[in-house]
Amino acid sequence: MSAILEARGLSKSFGAVIAAADINVSVARDSVVGLIGSNGAGKTTFINMVTGYMKPGAGTIRFEGHDITPLAPRRITQLGIARSFQVPQLFNSLAVRDNLLAAVGIVAAAASRWAHGAITRERAETVTDEMLGRFGLDAYRDKPAGVLPEGVRKLLDIAMALVVKPRILLLDEPTSGVSADEKFGIMDVVMSAVKSDRVTVLFVEHDMDIVNRYAQRVLAFYDGRIIADGAPGAVLKDDEVRKYVIGEELHVAR
Amino acid sequence: MTDHTLRVLLGVAALLLAGLPFMPQWLAFLITLALARGLVVLGLALLMRTGLVSFGQGLYYCLGAYAAALLDHAAGIHDAALMLLAALLIPVVVALVLGLLLASYRGIFFAMLSLAFSMIVFGLLIKTSSLGSSDGFNVATRSIFGITIADGYNGRVFMAATAILSVIAAGALHRYLNSHLGRLSAAIRDNELRVEYLGASVRNVVHLNYVIAAALGGIGGGLTALAVGHIDPDMAYWTTSGEFVFVAVLSGTGSVLAPFFGSVIFEAIRTLANQYAPNIWQMTLGITMLAIIMFLPAGLWALFRRKARAA
Amino acid sequence: MSDLLAVIIDGIIYSSWLFIMATGLTLIYGVMKILNIAHGSLYALGAYLSASLVGWWLAGGHDPYGSYAMLAAAALLVGLVMGPLLERGLLRLMYGRDEVVLLLITYAVFLILEDVIKLVWGVDSLYVSQPYDLLGNFDIGALSYPVYNLVLVGVAVATGSATAWTLNCTRHGKMLLAVIHDREVSGAMGINVDRLYLMTFTVGTTLAAIGGAVTAPTLAVSAGMGVEVIVLSFAVVVIGGLGSLGGAALGALIVGMVRSAAVHYLPAVELFSVYSVMAMVLIARPKGLFSAAEARKI
């Protein structure tokens, strides 16, 4: 099974700051990969480069064999890679349902260029309502997106990304800013929503419990490099990872 | 809601056309000007819906006027239909080119760059003596669609033309706003990033809307040129663009009817102010704009909607 | 040869005038993120008040050299009254609103002030050429220039240096620079952003008024003088980069020289040339020549 996403020799620096130093990653289809690392380690930079927001200084990114390195975010989305954001990017003045409706309309029309949407209003509404149900957003359907609790906003952001019907979904800190007791709930919803669509998922997380529970494979970043790569159990016990990412256990003398 | 707007448009137009034979000249003239400028504001409202405020619509207003006028002045063509066609085409061509650049800007840079372009044209026109420099020149129209206009009927013919064109433009824009591209424009104002990450091109929509606004501005300018019978470079001066912005803020962007509504109010107040209190006209504008921004950010049209909903 | 010299000297004089106008504008934008269209009417207010004060002073038979003090007094008066009045009375209520909304608000203030000027001073032009004539002329080769223009250049250099020194060497100045860089973080660090806003707006207003005061003796002070100033000042500030003092200086120099050359060699393109330069700079560097790097948003 060939890799669905392959990064080779990715490098990116901002002046003296090295955000990525010769990153090589191969992601298998349908896998769930967790990206961990302290702030500034290069996780979001990696996602930004994969989605075209940033261009690497050197290296290539291949999606299903095609070189997507020079492409614009819009084009990469059309090819089948979608992402959610650390700060949810929503249409704040619209209600939750209208957010999704707009997203469905945009995706459908973009798919058929400038034609007035290859999708009928009815079909769009059906797809929207189904998505609302899948993500448990029915209760909020008529509320403006701008006033929702953070957890709901995150779910809506991810739902909008899924409207694209991507083959790779990148989640940037899906549970950050969400209360502790809601975190697992959100990941559960997202993972089951995604299961039915056969999507490869990469998610950035700081919460190691979440990573442990949902990731099949973990990549640990530090200083622009991947310092560990493997099953969650192994990576989270790795010495370097403990040193640079998770932190040491503190022994207090009595 | 859709039917409502189109019905109102047709109703008002029918009313105006029916009342034409009985209307005094000065009223017909006022309404013509108000509607013509309302067209420019309609274009500006579209841009504002997309999240952009242009301080340079005067450019296309002026280009449209000069295009129409030059057919008479330089090419010896005195037919209103052809003149208006020129008033539509020249601005569109210019906007297609300028839009390539302007579509990359937002916020105050978009406002300032659009202002700069209108001032560039202003600067060129006031120093061009063959075009009358700062005085401009007169425009004479003799026929429309080949039919000669009888003496003294110019005003009424232009008012009819303006009313008809306004209805067509407003109706078309209404359909556009309710179409996918119209909704995309509103989404762009809300969150461009999200739109790009859903696979749509923000740039293309912005460019398209810019060209549409230019077309509307051009027709408005052409109609003004015909109705007034005279054009001058002041049409491209930034304060003219400022007035369009004022009317847009005054009316709000809630409906395609709003700009015309606001424009009529504006022209009425302007006429009164010129008569009775020319020295506080600008102050009145300023205070009104502040009041609208502070208390009625959606424009006067919001008052209408509230009443309609309460009813 | 003397032609070129004339272009350069005229350019420097004009650049100085532009710089005085641009400094206040760019400072206000840099700190408060407001592009102040009312800057033009504050300039006009400075000019009108100067004309009145100088006229009153000279009519009272006082020493003609005191008229310069009157110019300074007028500028200070306008700055210290209008600055706080506008900032506290209006702008304070509107912070946090979109940049373009703030632009429209300053546009409204501009409209109001234009008529206020008409109401107070009438629609006739005012002439106060005494301060201008008093100093006589000086010669550079075959060219003769009023000494007053040297004063103009001097004022420009003085205000520029004073502003630069204040920004970089005083505590308040450094706080201003911090706020220009990031308002929220500065506030979180304990900087009294509100008070800085008041100070900045007052200083900016005073600078506009100084521009007006200094210009008043050189022309007919008339209604509408603020209107043209605005677009020119904008061009300078946008070329240099909003919020950059060095940018304002460079922008003023560029616009001044371009305009001077245009006036001497091809008067027909005078206005056109200034805006074309602005458009060209924006095309090459969308945020102006000296603009801060933008931080990542997502």
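Order of writing sets the labels: A, B and C. Residues in every chain begin at 1.
Note that in this section a residue touches a chain if its C-beta (ideal position, glycine included) is under 8 Å from a C-beta of that chain, and two chains touch if they have at least 3 such contacts.
Values in this document were obtained by computation on a predicted structure and should not be read as measured data.
Asks: Whose Cα centre is nearest the centre of all Cα atoms in view?
Replies: Central chain: B.
Asks: If you tally contacting C-beta pairs, which comes out ahead, B-C or A-B? Let me know.
Replies: Counting C-beta pairs in contact, B-C comes out ahead.
Asks: Could you find the chain whose CA centre sits the greatest distance from that of subunit C?
Replies: Greatest centre separation from subunit C goes to chain A.
Asks: Centre to centre, by mean C-alpha position, how many angstrom separate subunit A and subunit C?
Replies: Chain centroid spacing, subunit A to subunit C, equals 49 Å.
Asks: Between subunit A and subunit B, what is the separation of their C-alpha centroids in Å?
Replies: For subunit A versus subunit B, the centre distance works out to 45 Å.
Asks: Any idea how many Å lie between the Cα centroids of subunit B and subunit C?
Replies: One centre to the other, that is 33 Å.
Asks: Could you check subunit A for residues that touch two or more other chains and list them?
Replies: If we look for residues of subunit A contacting two or more partner chains, we find 89.
Asks: In subunit C, what residues contact two or more other chains?
Replies: 298
Asks: Where in subunit B do residues touch two or more of the other chains?
Replies: If we look for residues of subunit B contacting two or more partner chains, we find 193.
Asks: Okay, in this complex, where on subunit B does subunit A touch?
Replies: So the residues of subunit B in touch with subunit A come to 179-181, 183-184, 187, 190-191, 193-201, 204.
Asks: Sort out for me which residues of subunit B touch subunit C in the complex.
Replies: 53, 101, 104-105, 107-109, 111-113, 115-117, 119-120, 122-124, 126-128, 193, 238-239, 242, 245, 249, 279-283, 285-287, 289-290, 293-294
Asks: Across the complex, what residues on subunit A touch subunit B?
Replies: 51, 72-74, 77-78, 82-83, 89-94, 102-103, 105-107, 109-111, 114, 116-117, 160-161, 163-164
Asks: Could you list, by residue number, the parts of subunit C that touch subunit B in their complex?
Replies: Going through subunit C, the ones touching subunit B are 35, 90, 93-94, 99-101, 103-105, 107-112, 114-116, 118-119, 123, 227, 230-231, 234-235, 238, 267-276, 278-279, 282-283, 286-287, 297-298.
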